[in-house]
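Below, subunit A partners subunit B and then partners subunit C, in two separate complexes.
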Partner chain A sequence: MDSYLIAMVTLAAIYAMMAISLNLSWGLAGMVNLGLAGFISIGAYASGLLTTVLGWPVPLAILAAMIIGLVSGVALTYVTLRLRDDYLAIVTLGFAEVIRLAIVNELWLTHGSDGISGIPGIVAREYGYGFELGTLALALAAVALCYWLADRVRTSPYGRNLRAIRDDPEGTAVAGKNVTLIKVKTFGLSTAIAALAGAFYAHYTSFISPEIFQPLLTMYVFLALTMGGTGNNRGAMLGAFLLIFVLEASRFIAPSLPQFSAVQHAAIREMLVAVLFILTLLYRPQGISPETRHR
Partner chain B sequence: MIETILQLAANGIMSGAVLAVAAIGFTMMFAVLRFPNFSLAGHMAGGAYAGWIANTMFGLPLPLALLCGFLVAGGIGVASDFIVLRPLRRAAPITLAIASVAISLFIENALRFGFGNDLRSFDLPLARDWVIGWLRLGPQQVQNAGLAIVAMLILFVIFTFTQTGRAMRATADNAGLAAVKGIDTEKITRLVSFLGMGLAGAAGVLLGADTSIEPLLGLKVILSVFAAAVLGGLGSIPGAVLGAFAIGIVEEASQIVVPATYKGAVGFVAILLVLSFRPSGFLGRRQT
Partner chain C sequence: METLNLTRRAALAGGGAALGVALFASRASAQTGPITIGCLVPLTGAGSIYGPGMRDAIAAVVKQVNGAGGVLGQQIQLVTEDDQTNPEAAVRAIRKLINVDKSVAVLGPWASSVAAAVAPLCWENQTLCAIVGSADSITRLPHQGFLIRTQPSISMQAARFGKLAIDLGGKSIYFLGPQTPFTQTYIDVVAKMAHDKGLTFNSQIYDGSKTSFRSEIDSMRQVAPDTVLLGGYVTDIAVVLRELYRANFTSRLIGFGTGVNTSLLQGMPKEAVEGVYAVTPSASLQGSAYQKLAALVGNPAPGPFEAQAYDMINLTVLAIAQAGKATGVAARDAIRTVSQGDGTVVDNAPDGLALIAKGQKVNYEGASGSCDFDQYGDIVAAKFKIERVLNGQITTVEIS
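On to the complex of A and B.
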C-alpha cells in the first residue's frame, strides 16, 4: 500500500477514536464536551512523557494515559453533574484552556511551546514500512475495540438509560435510575478514549506541542461526528474518514490560489471547515448515517 | 504590601470595566436566546478591527472608533443570527452553542485572511502614568474604563426608560407571554443580537486600545467574560457587571500567588467554585 494512503487511514483511525469518544458523551448521553482537545492532549502528553522521560514501555504508557484521561474526566463531571448542558459547555471549554495554559507554562515538564519530540513509536520506527503498516493495524484494532465498547454501551439496557437521560433527564431520575452514576461512567469512558486517541497520535507522529491541541481540533471532531451522524458510532467512524478527506482535499486550495500567502490559505481552509459545519447543521443535522431509533 | 494590593485592585477595576461591557452583551443574549453564544469571541475581534481601521486609517479618536466597533460588530451579529442561528431557533440550546463556535471560527479566519496574524496597535497618544499617592494609573486604562462606564450608562438608560428596553426585558423574562402581549419577539431577538454583539465589539476596541489586537483577541478573554456572567448569574445584567469587576480584581490579585501567565485560569476556577456552591450566581434567580 502507498505510504500516503497508509498515513491518511492511520490519521482517520485516530480521528475515529476521537469521534467515538465525542459520540459517547454528546451523541448518546447528551453531555457536550467542548474541551475534547484538552483530554486528547492529556493522553498525548501523559504517554509521551512516560515513555521519553521515565522510559516506560509504550503499551503501559498508553494504558496509563487512558487511566489519567478517565480520572480527569470523572473529576470534571463530578463537579458539573447537577448542571445544565450549557454550563457543561462552558466548563469543559475552560478546562481545555487551563490544560493548554499548563502545557505552555510548565516548561520543566512539557518544554512549553517547543513541544516534545522523539516519542517512540508503538512499533519501532526503525522498521520503516513495517512501522507504518504495524501502526495502521494497531490503530484500526484500537478503533474496533472502541467501537465494540461504545456500541455495547449503545445497545445495552445501560444505553437505553443513557438515551433516556439525554432525551428526558428528569423523567429518568423519577423512574429510579441513578442518573449521576450513569453520567459519570459514560463521561469517564469517553475521556479515556479521547486520551487513547491522543496517545496514539503522539506515538504515531513522534512529536507533540500545544499548537496541535487547539480548540480547532475539538471543532474538527464535532464536524466529523455531525457529518457522520450524531448518536451513531458507525456514523462517527464514517465522519472521521470524511473529515480527513475534506482536510486533504482542501490542500489543493494553495496551488490553485497562488496569489495568497500561506496564512491566507490556512484561513481559507478553516473558513471552509466552519461553513461546512454550519451547512451540515442547517441542512443535514442528522448526518449521513443517522441514529436508528430504538424502542 | 498594602500598596501592591491597592495597585492591583485599581488595575482590576479598570480591566473589570472593559470585561463588564462584553459580559453584559453575553448575558443579555443568554437571557433572550437561552444559549451561551460562543461567537462573542469572534465578534469582539471583528469590532476591534473595525475600530482599529477607523482609528489608524481614518484618524478618528478613540470614542468614535469605539462607536465604529460597536456598529460593525452589531451588524455582523445581526447577519450571523439571521443566516445561521435563526433557522436553528427550535434546535437544542447546545446545537446553537456549537453553531456559534463555528461562527466564531469563521469570523476569526476572515480577519486572519484580511489582516494576518500580526499584532496591530491603535494610534493613540503616549502619556506618562499618573501618580496619585502610591497609585500609578495609566491614562489610557483610565480612559478605557471611563468609556466602558459611559457605554454601560447609555445601556442602562435604554433598558430602564424606553419602550424597547421594556420589551427586551419582557422577552427575557418570558418570551411566550411577551409574544401574547403583542411584542414582536423576532424583532427583539434581532435587536438583542445587535446590542449584545455591538457591546462585544466595543469591548474588543477597548481591549485593543489597552494592548494590541489580533484575530484571536476575543478567544483569549472569552473565559473571563463567561466567568463574569456566570458569577453574576447568567441572564442578569447587574450581575454581569458585578461579576466582571470581581473577575477583573481577582485576576490581578492572583498575580500575588501564581505567575501572571496563569491569569487565564482564574476565570475557570471562579466558574467551578460558583457552580459548585451557588449555581445561580450573585444575582441570578433561576436555580438550575
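On to the complex of A and C.
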C-alpha cells in the first residue's frame, strides 16, 4: 500500500511540474500551449536516449533535456511570433503531432513505437524501496524548485509584464515593453520545465513510447490547472495533486458499487472526472486557488 | 488573504481524504484470505471493444473455480482495472493491482504500448503477467520469465502471411502496405522467407491516409509480381483494390483479416474483391477448450481475445496449484509445467486442479491454441484462419 501511495505522489509531482509549466505560458502570459505533450516527450526522449545510448549520468542527461526543451520552445515561439493566440494553439498542437510522428518513424534513434526500455532511475532501481522514496524526494524537490522559480517570475515586475501581455498585448507594446522577447523567454522557460517533467517520467517508469505522450496528457494538465487556479502556481500544484487524487481514489469506489459491471465502473470513473471539471467551471471558474490580484 | 485560507482548507481536506483512502485500501489488502488475481484490460479507449469480453471470460473461470472449491483451498478474488488503452493510465492502474491488491498475476494487457509499459513493473515486483500485445520487442525485455504472451507475435503473423504466399505458388512476391508500427517487421520476415527459397521479393510502404495509390500501383506493376501482400486496413485496402481492378491487375492478392473482412465487402464492387485471401490469428475453433469457453460465457462464437483471456486465467490457476504456493515467483516457475510437457491433457481449470490434487501432471491445451511457451514467453505455435472471398462471400479455406 505505501509503495502505491509513494508512486502516486511521485506521479502527481511530475504532473505538478507540467501544470507549473503550463501556468507560466498560458496562465501568466496567455500563450496557449496545446503541444505540451510534445515538449514533455522531447524531455523524456532526450534524457532517455542520452542515458541509455550514450551512457550519460542521469543528472547531466536531465539538464541536457531541459536545455533541449528550452531551445525547441524558443524556436517554436520564434517562428510563430506573428501569429495570434488561437493560431499559436493550433501550431503547438501540430508541433506535438510532428514530434510524435518523428518518434514513431525515426526507428534508428527512437525504436519507433517499440519505445525505449531500461532507462536508469535517478536513484538506482536496485534499491527497491529506497528507489521509490528517493525518486519521490527528488521529484518533490524538483517541484519545489519549479514553484520557487515560477513564483519568482510571477511576483516580479517581469511577471506584471506577463499579465499585461496576457490581458492586453497591444497596450503593453505601446507602453514600450519588448513583448516579443518576453514571450520567447517565458515560453522557453515553460518548455524547459515541461521537458524536466518528461525526463522525470522517463527515469521513474523506465519505459517511454510515443503512445504515452498523447494529446490526452495535455488535456489532463489543462484540467489540473483549470481546477487548481489558472495564473496561480500554487493552484497549478494543487490541481495536479487533485487530478491524480480523483483519478486514483475513484478506483476504490468500485467495490462499494457491486451492482455495476467493470465496464460501468470504468465509465463512472471517466464521468466523475468530467463532472468534477464541469462543477468547478460552474461554481468556481477561477479555480480552487485563484489568481491573486496584484497592485 | 481569504484565498490563502481556502487553499489551506482544501489542502487539509485533500490530505484527509487521501488518508481515508489509504486506510480503506490498507484494510482491503489486510485480508489474507483469498488469492488475488488482477485483470488489466481496456474498458475504455481504442481497445474497449475487446476488453469487456476478455474480462467476462476471466470472471467466468474465476467463478467456476471458486464454485469447485477454489485453489489451494482458497477462493480467488478477481480485481479488474481499466488500462484505458493508454500506457500512462495503465502504469497507474497496475500499481494499484500490484501494490494495493497484492495480485499474484496480472492478466490481459491488450495493446502493445500498454503491455510494454507495464512489463517492467511486473518483473520488478515479481508478479506474473500474461499479455496479448503482439510487438516482438516486448517478450525480448529482460523479464526473468514473468511475462507470457498468448497472442502470436508480429513475426509469427508475418511468417504465416509469407508461408501462404509461397504455398500458393508465388514466385515474385510484393508487399504493399501503409506505414504502421509493424510494417517493417512484416517486410523483414517475408523478405527473408522469400530469399531463403530463392524467390523474388519487393516491397513498398505508402501513407495510408492518401486517397489514391495510382503511383504506388504503377511502380509495383513494373515488377509484375504474381502475388501481392496487402498490409493495410479496410479504408486504404478499399482504395488499393479498386485501383488494381481498374488497372486490370490479376495477380493473387492476400490481406490481413484487419483489412479484408465483411466491412470491406460491404462497400466494394464484387469483382474487385473476388478471390482475395485473408489471414487472421484464430482461436482453436475445433478444440474442446473452445467449446467449453463458449458454453461457459454463453456465446457460441467467442473471439480470439476472449479465448486468450480464458487460457490466461486457466494457466494461472493451474500454475498456482502446481506450485502449491500463491506467489508470483511460484506461478512463474510452474507455468511451463502445466502449459506443456507430457502430462494429462486438460482443457479447463477444475479438471486440471483435480488431477494436480492427485499428484498427476497436466498439460493445458487452450481455447486459443495449445499454449506452449518458449524461453521468451512466446507461444510456440499459433492457429491462423485462412479465408477467401468467393462469390462475394468470405469463405473459410482452412484453420491451421
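Everything that follows uses one rule, which is that the second predicted complex is superposed on the first by the 260 of 295 C-alpha atoms of A that agree within 3 Å, B and C clash if a C-alpha of one lies under 4 Å from a C-alpha of the other, contacts with A are read in each partner's own complex, and residues count from 1 in each chain.
Keep in mind that, in the parts below, a residue touches a chain if its C-beta (ideal position, glycine included) is under 8 Å from a C-beta of that chain, and two chains touch if they have at least 3 such contacts.
Every value quoted in this text rests on a predicted model; they were computed, and no experiment measured them.
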{"item": "Subunit B versus subunit C as contact partner of A:7, first or second or both or neither", "value": "second"}
{"item": "Touching partner for A:207 - first (subunit B), second (subunit C), both, neither", "value": "second"}
{"item": "Touching partner for A:270 - first (subunit B), second (subunit C), both, neither", "value": "both"}
{"item": "Touching partner for A:34 - first (subunit B), second (subunit C), both, neither", "value": "first"}
{"item": "Contacts of A:105 with subunit B and subunit C, given as first, second, both or neither", "value": "both"}
{"item": "Partner chain(s) touched by A:216 [first = subunit B, second = subunit C, both, neither]", "value": "both"}
{"item": "Comparison of subunit B and subunit C by subunit A residues contacted", "value": "C"}
{"item": "Subunit A positions touched by subunit B in one structure and by subunit C in the second", "value": "104-105, 216, 261, 263, 266-267, 270"}
{"item": "Residues of subunit B defined as touching subunit A within the complex", "value": "35-36, 38, 84, 87-88, 91-95, 97-99, 101-103, 105-106, 108-110, 112-113, 116-117, 219, 223, 226-227, 230, 234, 259, 261-262, 264-265, 267-268, 271-272, 275-276, 279, 288"}
{"item": "Of subunit C, residues touching subunit A in the complex", "value": "3, 6-7, 10-11, 14, 17-18, 21-22, 24-26, 28-29, 39, 43-44, 48, 51-52, 55, 59, 80-82, 84, 86-89, 91-93, 95-96, 99-100, 111-113, 116-117, 119-120, 124, 135, 137, 141-142, 179, 181, 184"}
{"item": "Sites on subunit A touched by subunit B in the complex", "value": "30, 32, 34, 79-80, 82-87, 89-91, 93-95, 97-98, 101, 104-105, 215-216, 219, 222, 261, 263-264, 266-268, 270-271, 273-275, 277-278, 281-282, 285"}
{"item": "Complex interface listing, subunit A residues touching subunit C", "value": "1, 3-5, 7-8, 11, 104-105, 107, 111-115, 117-118, 125, 205-207, 209, 211-212, 214, 216-217, 234-235, 238, 241-242, 244-245, 247-249, 251-252, 254-255, 261-263, 265-267, 269-270, 288-290, 292"}
